[in-house]
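Next, two complexes with subunit A in common: one pairs it with subunit B, the other with subunit C.
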Partner chain A sequence: MYRGSYRPYVSPLDPCPPMRVKKFVLPPPIFMDFQPPDLEQVSPREALMIGTLWPLLADEFYREEGIS
Partner chain B sequence: MNLSAFEEEREMMLRVQEADFVVVELTLYTNTHPDEPEALEQWREAIKKAAQIRRQYENRYGPLSLLSIPSEEAIEMGWRWNQAPWPWQR
Partner chain C sequence: MWVYEKKLLYPVEVGECNPKLARYLMEQYGGADGELAAALRYMNQRYTVPTKVIGVLNDIATEEFSHLEMLATMIYKLTKDATPEQLVEAGLGAHFANHGHSLFYENAAGVPWTASYIQSKGDPIADLYEDIAAEEKARATYQWLIDISDDVLINDSLRFLRERENIHSLRFRESVEILKDERDRKKIF
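Coming up: the complex of A and B.
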């Protein structure tokens, strides 16, 4: 699960206040071409919280991190 | 553990959501892995479990969707869906 950030070009003509640094995350499924069978699974409650049934695919990105 | 009526209802709603989430995840998984017997079996079990939890919830707190049959108490209570409290306010 890869985190990255980049600095977009800021122009004086931009209508809104500029976002100097934009952050992004590359979740594990991007790097997998095909999900292998019989991956380890988590409990339904946990799955609802992390957003997937298989922790290997979870990317632990949280709202607090404010990734835009 | 003694939960207030509100917390109990929240807890059951959370279980309904969790069971539905598992069904969605396994449906997507079986779309890409159609010939895996264990996955298909787990998918069928998840659907049954979700329906069962949903029935439990509906027996106590009223129908969750248009397609669910209201229980006798709901009908005796004169279930009028267009009155407060709305489902998200309860």
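Coming up: the complex of A and C.
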């Protein structure tokens, strides 16, 4: 949802097995000039887990995604 | 101004998947005696050297930028497809923590490039002797890089780059000789 990707140039002479798609993060705040009022909220306990009260602002980065 | 040609000065081919070599090559990318330091040093000194040797500094600075581009190509090819784990294994964990997969002007030990690597003294002999020393140090660095690299294709490019340092050194020495000729010259303006 908050990700972009592109296909970098891959040479037939690359020494390593190529990564054909590179992904990057498009973090939620860049789509929001001002936070709109009355956004959906999660419970305080869940907010502690994800880092924010508003799930729309959580982009949930995991190392398994292969973004680097 | 410059005219850019979208090709490398000399072909860069990488034979083996060896991200560790990328770390060592960074010494010539962003190190004290590397191509960036050389290019910026000459490009800046050229304004305040005698007219006869301005062109030497300008041309060599330009060539150093093309060498920088070759080094960048080698480092990029060796690191672009490595996983974070492979980069850590190659000794590039600290680099990855700060820069991800991107290149940065720092030496093999991860020390960022600084302008204090170069000097501009405003004295033609002092500046040209610094330039000669810089070329000899870059030549030596290439020797040590060739010594620790098993990649014959990379070594081919490194040998080319090393030989260029010899030529540049000679051109700077010739520049000193040109300036020595000015001694006691009776000029009529």
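Just so it is clear, the second predicted complex is superposed on the first by the 39 of 68 C-alpha atoms of A that agree within 3 Å, B and C clash if a C-alpha of one lies under 4 Å from a C-alpha of the other, contacts with A are read in each partner's own complex, and residues count from 1 in each chain.
Methods note: contacts are C-beta pairs under 8 Å (C-beta built on N, C-alpha and C of every residue); 3 or more make two chains touch, one makes a residue touch a chain.
Please read these numbers as outputs of a predicted model, since none were measured by experiment.
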item	value
Contacts of A:Pro37 with subunit B and subunit C, given as first, second, both or neither	first
First (subunit B), second (subunit C), both or neither touched by A:Ala47	first
Which superposed partner A:Val25 touches (first subunit B, second subunit C, both, neither)	neither
Touched partner set for A:Pro15, first subunit B, second subunit C, both or neither	second
Common interface residues of subunit A - those touching subunit B in one complex and subunit C in the other	none
Touching residues (chain side subunit C, partner subunit A) in the complex	13-19, 77-78, 80-84, 96, 100-101
Contact set on subunit A toward subunit C in their complex	8, 11, 13-19, 63, 68
Interfacial residue positions of subunit A with respect to subunit B in the complex	34-35, 37-38, 44-45, 47-48, 52-53
Contact footprint of subunit A on subunit B as seen in their complex	14, 17-19, 21-22, 25-26, 29, 32-33, 36, 38-39
